[in-house]
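The same chain A turns up in both complexes below, where it pairs with chain B and then with chain C.
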Partner chain A sequence: MLSSVVSVAFHGVAYGMILYVISVGLSVTMGLMGFINLAHGVFAMAGGFVLSSFMARFGVPFPLAVLSAFVLVALGSVVLERLLYSRLYGAGELTQVLFSIGLILVSMASARLIFGDQAARVLLPDYLRGQLHMMGRDFPTYRVFIIFFSLGIILLLWFGVERTRWGAMVRAAVDHRAMAQSVGINTRLLFMATFALGSGLAGLGGALGADILPVQWAYPFEHLVYFLIVVAVGGLGSLRGPFIAALLIGVADTACKYWVPEFGAFLVYAATIGILLWRPMGLFGVRA
Partner chain B sequence: MSGYSADTRIRWTEWLPWVAAGLFFFLMPEYLSLGARILIFILFALSLDLILGYAGIVTLGHSAFFGLGAYTAGILSARLGVNDAFLQLAAAAGMSALLGMLTGAVILRTRALTLLMLTLAITAILLEIANKWSTMTGGADGLSGVQVSPLLGLFKFDLFGRTAFLYCLIVLFAAWWVVRRIIYSPYGAMLTGIRDNAARMHAIGAPVYWRLVMIYTVSATMAGVAGALLTQVNQFVGLNVLGLEPSGDILVMLILGGVGRLYGAFVGPVVYIVVQDTLAKQYPEYWYFGIGVLLIFVVLFARGGILGIFDKLRDKWLSHSRPKSSARASAR
Partner chain C sequence: MNMFRLAASAALALAATAVSAQQTVKIGFITSYSGLNGNLGPYMERAVRLYLKQHEKDLGGVKVELLTRDDTGPNPDKARQLAQELVVRDKVNLLAGVIFTPNAMAMAPIATEAKVPFVIMNAGTAVITTRSPYMVRTSFTLWQSSYPLGQWASKKYKTAYSLVSDFGPGHDSEEGFSKAFEEGGGKMLGKVRVPLQNPDWAAYMQRVKDAKPDVLMVFIPAGKTATAVMKNFSDLGLGQAGIKLIGPGDVTTDEELPNMGDVALGVLTVHHYSAGATRPQNKAFVAAWKKEYGQNETPNFVAVGAYDGAAIIVDAIKALKGNMDPDKTMEFFKTWKNPNSPRGPISIDPETRDIVQNEYLREVKRVGGQLANVELETVATALKDPWKEFQKKK
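Then we have the complex of A and B:
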C-alpha cells in the first residue's frame, strides 16, 4: 500500500508538472488578452512532433531538439498571432471559440497528413533511460528528470514574472489593461512576446511529456479538457493557481486510474464541477 | 431581424424547407436514411440556436442532452423492453429537460470560461458514465438491439427509411413551430435583450437568470428528443453522441448555416452532412482540413454563415436596383 502511494504520488507529480508547463501559457494569455484559445494543445503537439522528427530524421541530440521545440513553436505562434489571433482580440467569446476549433481541425488534419496515424516516437538518450535508485526504491530516470527540469522552468518563469520589468508589465496588463496602456506600456508587443513564451512553453511541455501524453494527430482535442480544467480551476491570469490545479489533477487522475479504474476520469470531472461552483473564478483567479 | 416589432406572420419563403423535404421524399427515395439523419441534426442545431443564437449562452456541452436522450431511448428499449416510439420520445424529453433544468440552474450563474468549462465537464462526465457502466449502456461497443414498434400500431419502420423520414419530419415541424412561437414572443425579445446586453435587462427589472434557465431547459428537451430520434432511426446508440466532439460538430453546423437566424439551423446540417457523407469517408484528413479552414474563414469574414452571405448579396442587389432600400436595412 505504502509503496503504491509513493508511486502514485511520483507519477502524479510528473504528470502534473507536464500539465502545468503546457497550460501555464494558456492561463497567462487568457488572463492577459481575454482570448479563449482552445487551440493551445496544438502548440504542445507541434513541440512533440518537432522533438521526435528532429531526433529521428536529422539526428539532432536530445537537449538541442528540446530547445528547438521551444524556439520553433514560439516563432510559429508569433506568425499565427500576427496573422490570425490579433484580428480577434476583443471579439466575442463565441468567435474565439469557433476560430480556435477551426485551428484545431486544420492542425489535426495537417498532422495526420504529415505524420500519419502513429504516435511520435521519442528516442531518449542513454543517460535518461533506466531507473534511478533513491531512498531504497527505483524511479524511472526520465520521470525524475521531467520533475526537476519542469521545476527549474517554473522557478525561472516565476522569477521572470515576479522580479523583472517584463513581469511587472505583464502583471499590470492583466490587472488593468487600459491603465497599463495609458502609462505607456506597449501592450501589443507585450501580448506578442507573452503569447510566444506561453506557446513555446506548451511546445516544450508537449515535447518533454511525449511519453506521458503520447503525441499523435488527435492530441489537441484529446487533452483539451485537461488543459482547460487546469486553467479554469487554477484561475485565469495567475501562475500559482494553475500550478496547484495541475498537481491536483495529475495526482488525482493517476490515483483514480490506479485504484478505481472503473470510474475513469469521472471523479476528476466531478471535482472540477465542484470547485468551479464553489469558486467560479478558480482557486486563485484574477478574473472570471 | 427578429424581435418584437417584426412582422411575425409566416412568410412564403419559410415554407421552402418543408416543400424541399417533401420533394426529397418523392424524388430521392434511395437517400431517405441520410435525409432522416439530416432532419435529426437540424432539430439538434435548432435547439442549440435557441440558447446560443437567441440567448447568447456559449456552450461546449450541448451533446450532454442529445446523448442523454439517445441513451434514454436506447436503454428503455434494449434493457427495459419499452418499444413504443412516443413513450421513448417522452422519456427522453423528460430526462433531458430534468438534466437541463438542474444543470442550467447551477451553471448559468457563471459566465465566459467558467461556463464553457462547466458545460464541457458535464458532457464529459456523461461520456465517462456511458463508457464505464457497460452493463446498462453497452460501453464502448455501443448499445444494440434497440427496437421500435410500429407507430400508432400502423406504420412499421421500413428498410428504406420512409416511415423514419416522415416521422422525423413531423417531429421537426412541431419543434420548428414551437421555436418560432418562442422567438417571436415577448419572451423571445427578452432573450435577445439578454444576449445583447444583460446588464440593461437587469436594470429594467427582467429576471435574467430565470429566463436563461427556462430557455436552457427548453433547448435541452429538444436536444434530447433529437437524440432519441437518432437512436430510433439507427436502432443503435454509440459513445459518439456524447462528449466534446458531437458538441463541436453541431456548433460547426450551426455556425456554417448562420447563428441566431432560425433557418441557419436548417441550412448548416444539410450542407455539412451531405459534404461529409460524400467526402469524409474517402478523405477524412482533407475533410477536417476543409471544415477547419471554412470555420476560420466564416469567423474572420462571414460572421452570418451561409445565410448571412445570401443576405449580404441580396442587400447589395437591392441597394443597387433601389438605392433607398439601404435605409431600411440599416435602421434595424
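Then we have the complex of A and C:
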C-alpha cells in the first residue's frame, strides 16, 4: 500500500509537471499580460516540431534541440506579436478569443501541410530512458528529469516576476498601462519581450512534453482544454496558481486512475467544476 | 423520421434512374481526416484510390466517383448526418469507409432504410454487421484477432492482465481474449478500460506492473495512442519486470513503428495484416503503394481493409455492369472471394456478411534497418468472426 502511494504521488507529480510545463507559457501571456491567448498550443506545437525536425533531420542532440525550440519559437512569436497580437492588447475578450481561434485553425492547416498526418517523431537519448531505482521502487528517468526541470522553471519565473525590475515593470504595465507609460516605461518593448518569453516557454513545454503528449497538427485544439483548466483553476494573474493547479490535477487524476480506473475519465472535469464553483476566480486568482 | 423515410425513398428512386442513364457509380466515403486518429483516414482514401487507379480499365466504361467526407473521429452524430446528406442529396449508390465503430453503428439505420449497400473498411466491433442487412465488412473483427491471441497465450503464460480502450472494439478485445485465455487454463489478474482519449498512461501501467502478470494484453485504436502506450510500457520498466506485451495488431500498427523506436522490439501480436509480410501479393501491394505515395510511405491494416473494400466494389460493378441495384449488389457481396489479397485468401461469410480470413502471430523485429511486424506463424486459417459463431451456439 505504502509503496503504491509513493508511485501514485510520483506519477501524479510528474503528470502535473508535464501539464505545468505545457501551460506555463499561458500563465505568462494570459495570466500576467491578460491576453486571452487560446492559440497557446500553436506555440507548443511549433516547439515540438522544432525539436523533432532538428533531432531527426539534422541529428542535433536533445538538449540543444530543446533550447532551439525555446529560442526559435520565442523569435517567431515576436513577428506574430508585432503583426497581429499587439493590435488587440486593449481589445475585448471576445475579439481576442475569436482572433486566437482563427490563428489555431490557420496554424493547424499549415502544420498538416508541412509535417503531414503523423505525429512528430521524438526518440529520447539513452540517458533519459529507463528507470531510476530508489526506495525499492522504479521511477522513469525522463519523468524525474521533467519534475526537476519544471521546478527550476517555476523558481526562475517566480524570481523574475516577483523580485526583478522587469517583473515589477510588467506588473505595473498590466495593471495600468497608461500610468506605466507616463512614468517612462517602454510598454511596447516590454510587452513584446514578455510575450516572446511566454511563447518561448510554450515552445519549450511542447518540446519537453512531446514524448508523453505526442505533437501532431491537431495539438493546439486537442490539449486546449488542459491548458485552460490549469490556468482557470490556478487563477488569472497569478504565477503559483497554475503550478499548484497542475499538481493538484496531476495527482488527483493519477490517483483516480490507479485506484478506481472506472472513474478515470471524469475526475479532472468534476474537480475543475467543483473548484470553480467554490472559487470562481480560481485558487489564487486576483483579477476577474 | 417519417420525413426522412420519404426523402430517402425519393432519393432512391432518383438514384436508380440516374445510374442507368450515366453509368457513374457514386460512393459516399466517410472516414476520419481529423480528430483522434485523423491520420488514418488518408490511409483509407489512398488505398481506395490506388485500387481504383489500378483497375479503372476493367470497369468497362463505368465511372466511379468518390465523395469523401470527414467524420472528425469517434463522432456518431456527425457520421450519421454525413451519411444522410450523401444518400439524400448526393444520391450515392454505396456507402463506404469508417474508422470508428460508433460511427458505423450510427450509419446502419440509414443504410437499411434507404437500401444503400455499406462497405465497412475498418470499424471492427463484432456486432456492427448485425445492425443492417445492407452492411458488408472487408476489414476484421476484434474477436478474430483477440480470441486466437488468447488461445495462443494460454499455452505459454499462466496469468494475464488486459488494458483496453473503453468503447466497442476494446470491450470485444477484452472479452475475446479473456474467454480464450481462461478456457485454456490461464488466469486473468485484472481488466482495465481506459477512456478513448487518454493523455497519460503512467497510472494504468503502474497498476499493471504492481499486479505482476505474465502478459499484458493491450488494445487501443492504433494511431499515436499506440506509440504512447509503447513508450509508457517501456518508461515504467514493465518489460524488465518480466511482463510481456501482447495484443491485437493495433498496438504495433505498421505506420507508428518508426515513432516507437526500439522499445517495440519483441512485442508479439496477432493480426490479419502486416506490411512486412513476404507473400508475393503483399510485396506487389507495398511496392505499388511506395511507387504511388513515396518511398518512405508504408500501407497498414487500415489500408488493406480499404484496398479489399475497393476490390469488392469494383468486382460488383463489373458483375452488375454498373447497374447497382442494392439487393443484387448485396447478393454479389455475400459470395465474394479473393484468394489474392495482400493479407492472404479472404472471403465474405454469406450468413453474416462479415470477413473470413487468416490470423497471423507476428513479432516486431528489425528487418533491413527498419522495424517490421514479422509474421511467425498462421494461428488461424479461414477464421469466421468467433463472436458470431458463439452467438449461434447459444
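As a convention for this text, the second predicted complex is superposed on the first by the 265 of 288 C-alpha atoms of A that agree within 3 Å, B and C clash if a C-alpha of one lies under 4 Å from a C-alpha of the other, contacts with A are read in each partner's own complex, and residues count from 1 in each chain.
Rule of thumb we're sticking to: contacts are C-beta pairs under 8 Å (C-beta built on N, C-alpha and C of every residue); 3 or more make two chains touch, one makes a residue touch a chain.
Predicted model, so just to flag it, every value in this text is computed and none were measured.
Peer 1: Which holds for A:58: it touches chain B only (first), chain C only (second), both, or neither?
Peer 2: neither
Peer 1: Who does A:129 touch here: chain B (first), chain C (second), both, or neither?
Peer 2: second
Peer 1: Looking at A:105, would you say it contacts chain B, chain C, both, or neither? Reply first, second, both or neither.
Peer 2: First partner only.
Peer 1: Given the touch rule stated above, what does A:119 touch, chain B (first), chain C (second), both, or neither?
Peer 2: The second partner, chain C, only.
Peer 1: Could you give the residue numbers on chain A that contact chain B in one complex and chain C in the other?
Peer 2: Looking at chain A, the two contact sets intersect at 262, 264-265.
Peer 1: Show me the residue ranges of chain A that touch chain C in the complex, using the header's touch definition.
Peer 2: Those in contact with chain C are residues 4, 7-8, 11-12, 14-15, 18, 117-119, 121-123, 129-131, 138, 140, 142-143, 211-214, 216, 218, 223, 226, 253-255, 257-258, 261-262, 264-265.
Peer 1: Contact residues on chain C for chain A in the complex?
Peer 2: It is residues 34-35, 38-39, 42, 166, 192-195, 198-200, 202-204, 206-207, 210, 224, 227-228, 231, 234-237, 240-241, 255-256, 258-259, 261 of chain C that touch chain A.
Peer 1: Which stretch or stretches of chain B touch chain A in the complex?
Peer 2: 52, 58, 60, 106-107, 109-114, 116-118, 120-122, 124-125, 128-129, 131-132, 244-245, 248, 251-252, 255, 259, 284-289, 291-296, 298-300, 303
Peer 1: Quick check: in the complex, which residue numbers of chain A touch chain B?
Peer 2: 30, 36, 84, 87-88, 93-95, 97-99, 101-110, 112-113, 221, 224-225, 228-229, 231-232, 236, 262-266, 269-270, 272-273, 276-277, 280-282, 288
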